[in-house]
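Think of it as A, B, C and D in the order they're written, each chain with its own count starting at 1.
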Amino acid sequence: MFEITEAPLDPARLVAAVRRDESGAVALFYGVVRNENLGRSVQYLEYDAYPEMAIKKMREVADEVRAKFEITDIGVMHRTGRLEIGETSLLVAVSSAHRAAAFDACHHAVDRIKQIVPIWKKEVWDNGEAWIEGHVPGTG
Amino acid sequence: MSIDVRLFAGLYQLVGKREVRLELPDGASVDALREELARVYPRVRAFLPTLVCAVDEEYVTSDYVLHAGHRVALIPPVSGGAHV
Amino acid sequence: MFEITEAPLDPARLVAAVRRDESGAVALFYGVVRNENLGRSVQYLEYDAYPEMAIKKMREVADEVRAKFEITDIGVMHRTGRLEIGETSLLVAVSSAHRAAAFDACHHAVDRIKQIVPIWKKEVWDNGEAWIEGHVPGTG
Amino acid sequence: MSIDVRLFAGLYQLVGKREVRLELPDGASVDALREELARVYPRVRAFLPTLVCAVDEEYVTSDYVLHAGHRVALIPPVSGGAHV
């Protein structure tokens, strides 16, 4: 399951989608809007995405993770639009027979998503705003 | 040829449009496209070095040759997820 | 939040309990009943616990994890009684400013819970059953 | 002294009770308590080597000296969580 949506993310739906009867472990990662970044007090975030390509790149990350770790399934959801402090922007769920693979694969997936999936966030403070420039995605 | 280019995030905010149509000579490269964008919208020039081009939802290099019909987007440095 | 309960576990409640406004990441681990173990087809599991001591040992694991990793909070829930395939027996949630600490702390907590928290599972197959002997908890 | 001992998991199933009261001499150790359990319930003897004792919700060693009023439990090897 790979989704880009303006609606609040539903972790239960994602976990149900990745769990198999042979899965003994599910690792679920929440990326959450926090109230501070680099010393600046954050009011809220705004996310923009290139949805068609973001879904394609999420699938690419999933394929990479499946090749590298022994997992039963992986799913990713990312929210767009305005998000308040404490709201969830990113969910990554990995199911696996054993816990180590679930943790490692989920961590790796989060790292790769932040590197290659075309999604952007704008920080809004009380006295200004800025689009955050993260990774320049490679062409390889 | 006419190329429609999708814009996102800071680049969208700077240009004020989700998509711009650029006129380019046949066989133009991604570099030429970026130059043309900066000619029409001079305020994007400072951002050109960080923009990666996507063609048909795949990242391409600066020398990639564009064709009419390509789905083209300019991609600022990505920053999905949380600050973690 | 540390709980031992016969009721189905509620991950949303646990995540809400550990999240802080300064948390940018939550790692949530689900231990799930799977349909097979060591080649035997599992019908269902039954969990027993020493609840007072299990809660005490969960808190001990949490203190250990807090001392070792930079996290904002940690919570653990374990279910007891009969659990069917696909049901969740264990939830461990860790919130943190940054993702690496959340993943590492959560993984470490799951390892330690399995070593020292007095909880036991019985596997039931179509032709028999056995209490699973895992770790002999140390006295140190 | 009388010591009430809580039982769990396979040990509970073997003895058929959640708690047993054992009579022990004052100053008896955990080892003596295990021996007394096996004397009263011979079918648990095979399991004795793997049983750890908890006193007041803390694991203790075999030479730990018990007192009346201690909350005592015998703990088989633990196996919480899933098969992962």
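Some points to look at:
By definition in this document, contacts are C-beta pairs under 8 Å (C-beta built on N, C-alpha and C of every residue); 3 or more make two chains touch, one makes a residue touch a chain.
What you see is a predicted model, and the numbers here were worked out from it, not measured in a lab.
The greater number of contacting C-beta pairs, out of the two interfaces A-D and C-D, is seen for C-D. Our note on geometry: subunit B versus subunit D, Cα centroid distance of 72 Å, whole angstroms. Separating the centre of subunit B from that of subunit C, both taken as means of CA atoms, is a distance of 48 Å. The mean-CA centres of subunit C and subunit D are about 24 angstrom from one another, to the nearest whole unit. Multi-chain contact residues, meaning those touching two or more other chains, occur in subunit A at positions 24-25, 31-34, 97, 99, 102, 110.
The set of subunit D residues touching two or more other chains comprises 82-84. Chain contact topology: the protein chains form a pattern that is neither a line, a ring, a star nor a complete graph. You'll find the chains touch as A-B, A-C, A-D, B-C, C-D. Residues 82-84 of subunit B are the ones touching subunit C in the complex. Every residue of subunit B that touches subunit A in the complex is listed here, in rising order: 6, 8-10, 12-13, 50, 52, 54, 57, 59-61, 73, 75-84.
On the side of subunit A, the complex with subunit D involves touching residues 24-25, 96-99, 102. Every residue of subunit A that touches subunit C in the complex is listed here, in rising order: 11-12, 15, 19, 21-36, 85-86, 95, 97, 99-100, 102-103, 106-107, 110. Residues of subunit A touching subunit B in their complex: 31-34, 37, 47-50, 52-54, 56, 78, 89-90, 110, 113-122, 131-139.
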